[in-house]
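Sharing a structure here in structure tokens format.
All chains are identified by letter, namely A, B, C and D, in their written order; residue positions are counted from 1 within each chain.
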């Protein structure tokens, strides 16, 4: 390997230093702020070049290398960057967040201290309707007049729950027990430290349109306001190759080829063999999730299949 | 390495098979049951002997080997056993449980399905007082007459919260939002899969007297009813060398030696040098957590220090 | 959630039980054999249904569910299956294997025991040429006459290294030091335990044509002989959606759409904007990895781009 | 929680900055150098205080808090510090190192590049004898005249292996295959990134007298030259409570108490019940590892047991 100079300095990213400690508000009373970080785009290149046994090159080549690494899922160089965030978030969203096991966490303890005196409130026009096609999602909003009633009821509920909590505390009840009936909307805080590879995985899942609204606000903010400043080249590559990418299965590629070639018969044959074109007793195409997802993907390519069962 | 026979069978533990699927009740409406497992004491020995390049020996030597491995914190053979539990637990206790990141988890989704219609209730004589010496613990109980009032209030609260939740659902609110004000006492369920090494670590922390009452009930049950049947030799060794062990720091060993030798002057000198014997302005020994923890430990040995600052 | 019966049994997969302990040979003196396992396709469905709060359905729906989970990268249900393998492999390939950190490992210790008396030998027709286009790969073979010379030299070398090792041992040298000059081709053995999700990730990387020949033999065998029997539905889905899939970036989808629409001008414009069509001083298209990878992908669709810089 | 100022800076440790990039030599041709880091003692306190919901206090209290956290194995605050090292080490020692799975790694690739042209050489007086009482250790050295012969033989061997490797490369053999007979003593390099909690665990195991000499040199250097400068308060606490600590099992505490009280009869009874005092056919005390380890521990306390079977 190349001889390396003995005097080096920590990698510093001025654009990130400029927002260190700054509270980015999320939801009605949450926030995210960067506490500290290690590395940047340069550290990814540096680590990859240890593997390749090469010294540092120009920025232009760095960009190509980072894009290559990300595209081909060479994840270890991205693990060489680390970031620590301070997060204030409703417990309900935190319950989802904490499922990502690859981070380090210190959360505010409501055994040791009084619970944070704040619960997520919902405004008149923020009450969401159950999605009919997505069993775990929402779609559209309640009329804001109905919303007003719901918001008032929520405000009363929060007031009541808070009073009961505080009364318990004043009576001398153990904090660890007094909290048992606090609502899931209660805010909590935590320090959360994670490497860039695992952070991108988190963002991929939680910036997705299927993620719940609340956690999506946090993830989107981390991506657009923090990661984009910290590692701009990686962020661009991640957007291109991960956020905006489309994946076709082996069978889908075969059918796509036939559709492009306008060979409808073969396209239908392969689809049939894959179980996409079964008929119900009325002779209608049965619901097939795989077929429907494919249709959606090729719509982006301006194509429409002409299924014949 | 020794030649190994080609036909082997899965390790089966009849005592564990006998309780497979059985619901052990915990708290008022929780439970734990074993869904499946892999390995047993025999698998630990088997794995250790791959490292040592040796074949299987007699049970008596197996016991010695397992005790040796556990005592010397050779953890990898214990990772060769795996267990899968089905757990029903209040979300508040689950929040603590999930902090152990080395397990695999599938939790009941209240985005996809209606929240479980049950919250942990507290009986008249179960309301706990805040501990005065342990900021994150409880100590003693409220008088059951006061407890009765608290329990009734809790019952009303749960009824109210449930009605609000169900009303929101009936109105067509998205499940993911309707749940936001459910209390932390609401039950959840999960499949939880973990290897034996990490399970013992979990038990060490959560069977401890400083762990919160609720999670301690689950941990104790897992240890005494499940692990003891699954890996009886390991469970005995774990009890001896981990649950019941006492650790002395280097300085503590030095002071202990002097106290045993009845050399009070030297004992005091070392304690002083370690900052244990500082005086306040009234000439009294200052509070020193390290000194007090040492005193507690040597009490078990029938020793009492005679500090002179 | 549904009431569940109290008496259950471990999930058993007869097709896997039938090969339990059987040594599948790999390379000249390596092998893989299954020691034990937990779960199967059924356990994946079982875990997913805890999340959805639903009971068990028919096999037909199970297949759809497993395919949905795998396609949408819902990884936690796949973590509910676990397998333990006994592997005999050259240290050089094991060095790559062990980089996958999500498994449990017990390796044969050459500190404690004599090194395994076997090194991977290379036959006359197995000596590989350095790939010219892939800096970290091989391509084609040496003529077997040259190979014969190489194999003989290797045999002498192994003999010599073995003699030196044994002489050191006989002299009374510490095993931990005597081994220092053993070749990387020396065989080692290990127990290796991993969950199905992480195993599939391992297979995706190590069955790939870019993985080194040696480790690819092990990975392919695990996939085709073991995983296919253990979890046949998952294996089929993994083959369709992961092994055989093709991913297009956002920009690639845009260009693909234009090529399908035979709108060459727009295709070229987007490609240009993406930096794919830069010219060198001779007016030739510069080497662009991103462009070339795209060309390769659309070849599968029967398409050829007509670049104009 | 307390209001926190919006403008913060990365935690910088001048004593560590002063050695950033400096190569600390290890063995004949290895080194360790710090590439970057995040946090310090202050970050541990900062994270712990998020849990406790408190602001920053004085240094004196910080020391007490860090010692408390370390003593009571509250590990998460220590995970808030991260360090990245550049390591050059023989592959044989690296094989042990890499077993610690909680770090991030980028290793020099001998598939992509030529193997590092250096193997660990052993000087005349460095050849170690197999330990007779520790099956996996060494004890004492060969006479340096014998050592000279061994070193010369080793030099020839390394020369020969290097020539064969280079000849293979020159012939056009794939690097991934040419390396197969390189000795385990060949140097490799890697970037290795780990959090402080897991680093301390690594040091506990690898600074131990039972760790192999080679890796112990690296671990000791990391501890004494790097961690001691990075987090001096933590390093002191780690030395006191972990490196120098002694652990007694429940049974050992009981026997120790009886020995201190000079109650030999009871001490013997408990020991007997624990299986420590079995006799062989000659009426001699059988070898008992547990008994011997206990004897060794209480020797430190100036005590000698008087066993009577």
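As a convention for this text, a residue touches a chain if its C-beta (ideal position, glycine included) is under 8 Å from a C-beta of that chain, and two chains touch if they have at least 3 such contacts.
Note that the structure is predicted; figures quoted are calculated from it, not measured.
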Partner chains that subunit A and subunit B have in common: C, D
Contact-richer chain pair (by C-beta pairs counted) among A-C and A-D: A-D
Interface numbering overlap (same over half, different under half) for subunit B and subunit C: same
Relative to subunit C, chain with the most remote C-alpha centre: B
Whole-Å separation of chain centres (CA-atom averages), subunit A against subunit C: 27
Geometric centre distance via CA averages, subunit D-subunit A, whole Å: 37
Numbers and ranges of subunit D residues touching at least 2 other chains: 105, 107, 109, 112
Of all residues in subunit D, those that touch subunit C in their complex: 90-92, 95, 98-99, 101-102, 105, 107, 109, 111-112, 119-120, 122, 127-131, 135-139, 142, 146, 150, 153-154, 157-158, 160-161, 164, 168, 171-177, 179-186, 212-213
Residues on subunit C engaged by subunit A in the complex (per definition of touch): 64, 67-68, 71, 239-241, 243-251, 253, 256-257, 260-261, 289-290, 293, 300-303
Footprint of subunit D on subunit A - complex, ascending: 1, 4-12, 17, 20-23, 33, 35-39, 43, 46-48, 50-54, 76-77, 79-80, 82, 84, 86, 104-109, 112-114, 116, 189-191, 193, 195
